[in-house]
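In structure tokens below, several structures.
Next, two complexes with chain A in common: one pairs it with chain B, the other with chain C.
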Partner chain A sequence: MDTPRFPNVTTLIVAAAMIVLPFVVPATLASQIAIFATAALSVTLLLGGAGLLSFGQGLYLGIGAYASGLLLRDAGFALLPTLLVATAGTAAVAAVLGAVMVRRQGIYFVMLTLAFAQMGYFAMLAAKDVTGGENGLSGLPRRFDLFGATIASPLSFYVLSAGVFGLAFLAVQRLLASPFGSVLTAIRENEGRSEAMGYNVRLYKIAVIAVAGGIAGLAGSLHAVFLGFVPPTDVDLEVGQRMLVMSIIGGVGSPGGALVGSAFYTLVSEALSELWARWMALIALVLIALVLFLPGGLWSAGRHLTGLLRRRDADG
Partner chain B sequence: MPIERRTLLKGLAAAPAALAAPPLLRHAMAQSETLDVAAVYSLSGTFANVGTLLNNGSQWAMEHYGSVLGRKINYILLDDRGDAGEAVRKVQEAMSQRGIKHIIGCTNSAIALAVQKEVNARGGIYVQMAGADESTGKDCNKANFRWPVASYSAVNATMRPLIEKFPNAKKWYTITGQYVFGDSLLTNVKDVLKEKGLQHVGNSYHSLSDREYSGYIATALASSPDVLAICNFGNQTLDVIRQAISYGMKRNTKILAIWSTGLDQFQALGPENCEGVYFGCNFWHGVDTPGGREVAAVVKAKTGDVPNYLQACGYAVAQVLVEGIKKAGTTEIAPLIKAMEGMTYEGPTGLEKIRPEDHQVIKDYYLMLGKAKSAMKDKNDFAEVIAATKAFLPPDKTGCKMA
Partner chain C sequence: MQLFLFQVLNGLGIGMIYFLLSVGLTLIFGLMRFVNFAHGAFYLVAAYLAFAIVGLTGSMVLALVIAPLAVAILAVATERLLLRHTYRMPHEAQILITFAIALLIQEVVIMQFGPLGQNVPVPQALSGVVFLGPFVYPAYRLAVVAVAAVVAVVLWIVVEKTKLGAVLRAGSESAEMVALLGINVDRVFMATFALGGALAGLAGVLAAPLRGVEPFMSAEALGIAFVVVVVGGLGTLSGALVGGLLIGLVQSIMSTLWPQGAHLMIYAAMALVILARPTGLLGRT
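Let's look at the complex of A and B:
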């Protein structure tokens, strides 16, 4: 993890990247990057912060998306209350599921995340009268007002997505730089010792699962707002895997890795999918190469390069 | 002379517009010479094998037409990777940032249902090939046109001729994919059985991920049905047929695959499995019609072989759009939609007509019977057409309320 300071140079780099992004890629693609960067942040917080590997973050993204879809379409909620309620609701669900999952550690914890994610997908199919089943949830409004501004154009959606990502990013940075973050680091490094020191490890884990779930739910909520539709893939097992892959490619050592991972995955899939149907194989190769040679992900490449240059200067 | 700050700011504000002007002008000029048509298909992901063939059909059709109303057709592929969310995003981008208004294609119903709403909201036109009833039913809209038949038509166009042919086949068993399309087929099967006073002796549901059906088939065998009706699609149809045959079901039971893609599935099954099995198909290359001959010529030029359903379907949605533009004499959306309502044209299955009430193409759906290998006239002559039926719900029963 980065030295837990807040804000730091990572904050500046991420802010600059978010400003530049819509000028170098189409606004809809930039929005997609921002939304999935928010989603990947939840994995970064869990895995990078507390060392909890979850294949099930897609479940929370899906819950956030469907909750928002229903609130916007059927309950007539405005944009801001929808984002807030979906985030809080998903965090509450994550806390309840987390209370069950933290009873087990290691591989059993991972399997529980997987099982809950699978259950979520089938629950969505079973409740097709509410969720739309395989057809997805459609009929969402496409125009929103937020603080007097109208959100309807691709660029305005990007501004919203980037703003939300920015807030989530700052929240994660702040959390990791706080005493709470220090306890998470201690749990990640040595759970037994943290417990021996008197920390209620289970409670800390439930708290971080709830916060990460809330962030994933927020990303899902944004995705529903952005598309005007909730695709059934939002609660698919694959979306949780995608979030995990994005985080690992970007690097879970820093919240900045979530943005790098999301941008890399989104842009590479965009460029390669029309050229080669099996483009996922290339993503898998990148993942293997990173795990073997750059475990800190792409975000850590800059730090490695800086280190190398410094050593060379010192030697010279 | 000193420059005032206000003047400088105005100049700076105008600079980007000035810099962008030549490309904008070029774009505007190019737009009047070409017509951009975006095609939404899954070229990667789970449905890549289906999307690729559909895309081939559409692309070859557009190449065949070349231009319309003097404007060169520029075919733009949007790969949705089998994800409805990705499809919507790419359509948003194409329509809002590239100004594209004419959209065709889909690889599955979820994608079509999402895209048809998006296109309608953004003032475009969309011609697609979804199987879900809702597409021209409760979710219909002015922008949306659908070429293949819905599940109601598939069930009625296959079951009714089969019931007439075998009036003593009283007991029917169904194996159904537990997803929207499978359920929709099952509901329609039950309705027909009820109307005809026939017995539905049982149903087995399988999931989208199932590949092993022996348990379901054993259950079906236990109820000694006269007909096994398969209510699913894709490779799962093939697997159910193969396993039913390997359990000896063909000896005493008629097997009906209500929704099949025809030639490519027959090739996958082989004549030994196709023989004596009944299939429902949207297209068959052996049906000789002027439109069918045109599709065949285009596909033969590309592959050296006859067209399969997916290629013909991809061709058909492109054809509907281009024929509509020709009839309308304009690419403007409102008059184009108006011209397409009630339009008749020589389609791949014969004379096809677009029903104005729900924008459903009224066309034949075929009941086919697999031939023995010895009866095949050529390598693609797997089946014969037993019945060609236009079986559609009356417009007032579809649930479509065109806004």
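Let's look at the complex of A and C:
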């Protein structure tokens, strides 16, 4: 876990990485990394912050994406209100579902996240008059105005995505460093004791589920804006699993892990998809190895390395 | 009314396959409190083995013998090599590693057989229909129900009447106590994984001629298996049977009334059962 301070070294590293990113990879790819880093951040906050494992965060990404698609296309919303309304709306849905889900713990909680995610997917298919069913939602605008600037080029989309990720990242860091974050840590480490100390555990869980849902919704909103289209795969169970895989690979011990995980996953898939269509096998192997040998994910590997270096400095 | 009764009959047939698919998952959970997200992948491997064996030899019987055995070996190998190292880790680690294994197996299957679906022919001897009173029912489906029913009876005898069954039941109460009584729990865990894998394998082979094979059938199967065991009662044999039949019936009947809603309903049912009665319809409280 990050030392609960804010801002800290992690903030600097992530900020530097976001600035360097568009210079080392194409802007479109960089945007994808930023968008999915935002999505993975949602899982990182839930699992790393409160110890809540969710296979269903894709549901909130999907809700954010579809809501934004409808707002932009049919309600004529501008970019900023769309992002805000999608985020707040998704957070509200997550709060309602969260209020139901926190009644169960452990494996039953995981099953509930799966059940709701599946229901969301099949509801999307059933309501195909609104959602476009398996065809998705198309015909979104391709250029936006934000604070007087025009967002249409790949680089401008990256600036938008990176800005949104940066804000979400700072919010999560700030949240984890706050007293609220300390209570979440207490719940993660020992739920029964936190309850006994008088904290309303369920309420804290609902709050973190709502925030995490809002962040996933924001990522979904951004994804719709970025693609100009809402693919039905955005509310698939698979997208929730991808978010989980990214955040596990990066490591849930720090919000920085979300960026590392998203970058790793996106770059591996981009680099290998031409050469080897089954690159997912590699991701699976990495995941198995991490669970067994490095539960803190890649972010913690960096931490171990700097720890080793520091020790060597002290010795020498 | 005729149609409705036919759907009920059909639902029972699907339900028996769901039972076979889920019972291994529930046995493993019952004994070890281990949630195996790779269970659907075991089913997938068996279905593809059936496809390969039937394609090579034309013999479904051979597939029914070899595929479950091979999957049992795969399950034991996975357990020995990877899963046993996670027994002392939190639930989350077990879920994640089995999820990753399922992903890996799915990718390997695509490498071997390609991403597209394939058909598996119904065995010649069972390709006809059977007249059940006013109904015409495919003979193969009837055979599946028969096989699953036999398996259910055998499993019930094993769990309730044999020493292994006694160990299984005792282990699900307290694995530690069973170990203290001098029983090699490690071996029991291995045997349970083998049995669970073989049962998923059996379901995969039997389902292959009914629905064909495709690499993504594992995710769908895993979802169904979760619904079945949760609705029936996680960890109980009878729960898997009742849950399987119930979900099979609901799906079959809904498929005529509101096809898009069939899946929506079963996952809603799952959520409802978890919230209202987490031990499942048949579980002890």
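Annotations for the structure displayed:
Operating definition for what follows: the second predicted complex is superposed on the first by the 311 of 316 C-alpha atoms of A that agree within 3 Å, B and C clash if a C-alpha of one lies under 4 Å from a C-alpha of the other, contacts with A are read in each partner's own complex, and residues count from 1 in each chain.
FYI, a contact is a pair of C-beta atoms (placed from the backbone, for glycine too) under 8 Å apart; a residue touches a chain by one contact, two chains touch by 3 or more.
Not measured: the values here are computed from a predicted model.
Contact with both chain B and chain C is seen for A:Arg278 once the two complexes are overlaid on the shared chain. In the overlay built on the shared chain, the residue A:Asn200 is in contact with neither chain B nor chain C.
In the overlay built on the shared chain, the residue A:Leu125 is in contact with chain B and with chain C.
Of the two partner chains, chain B is the only one touched by A:Phe229; chain C is not.
Within the superposed three-chain model, A:Thr306 lies out of touch with both chain B and chain C [touch as defined at top].
Of the two partner chains, chain B is the only one touched by A:Glu134; chain C is not. By the touch criterion defined above, A:Ser182 reaches neither chain B nor chain C. Looking at chain A, you'll find residues 125, 278, 280 touch chain B in one structure and chain C in the other.
Across the interface of their complex, chain C is touched by residues 47, 51, 53, 100, 103-104, 106-108, 110-112, 114-116, 118-119, 122-123, 125-126, 237-238, 241, 244, 248, 278, 280-281, 283-285, 287-288, 291-292, 295 of chain A.
Interface of chain A with chain B (complex): residues 26-29, 32, 125, 128, 133-136, 138-139, 142, 153-154, 223, 226-229, 231-234, 269, 273-274, 276-280. Those residues of chain B that touch chain A in the complex are listed here as 43-45, 48, 52, 77, 79, 81, 83-86, 88-90, 92-93, 96-97, 109-110, 113-114, 117-118, 121, 132, 134, 139, 178-180. By the touch criterion given at the top, residues 35, 82, 85-86, 89, 91-93, 95-97, 99-101, 103-104, 106-108, 110-111, 219, 223, 226-227, 230, 234, 260-261, 263-264, 267-268, 270-271, 274-275, 278 of chain C touch chain A in their complex.
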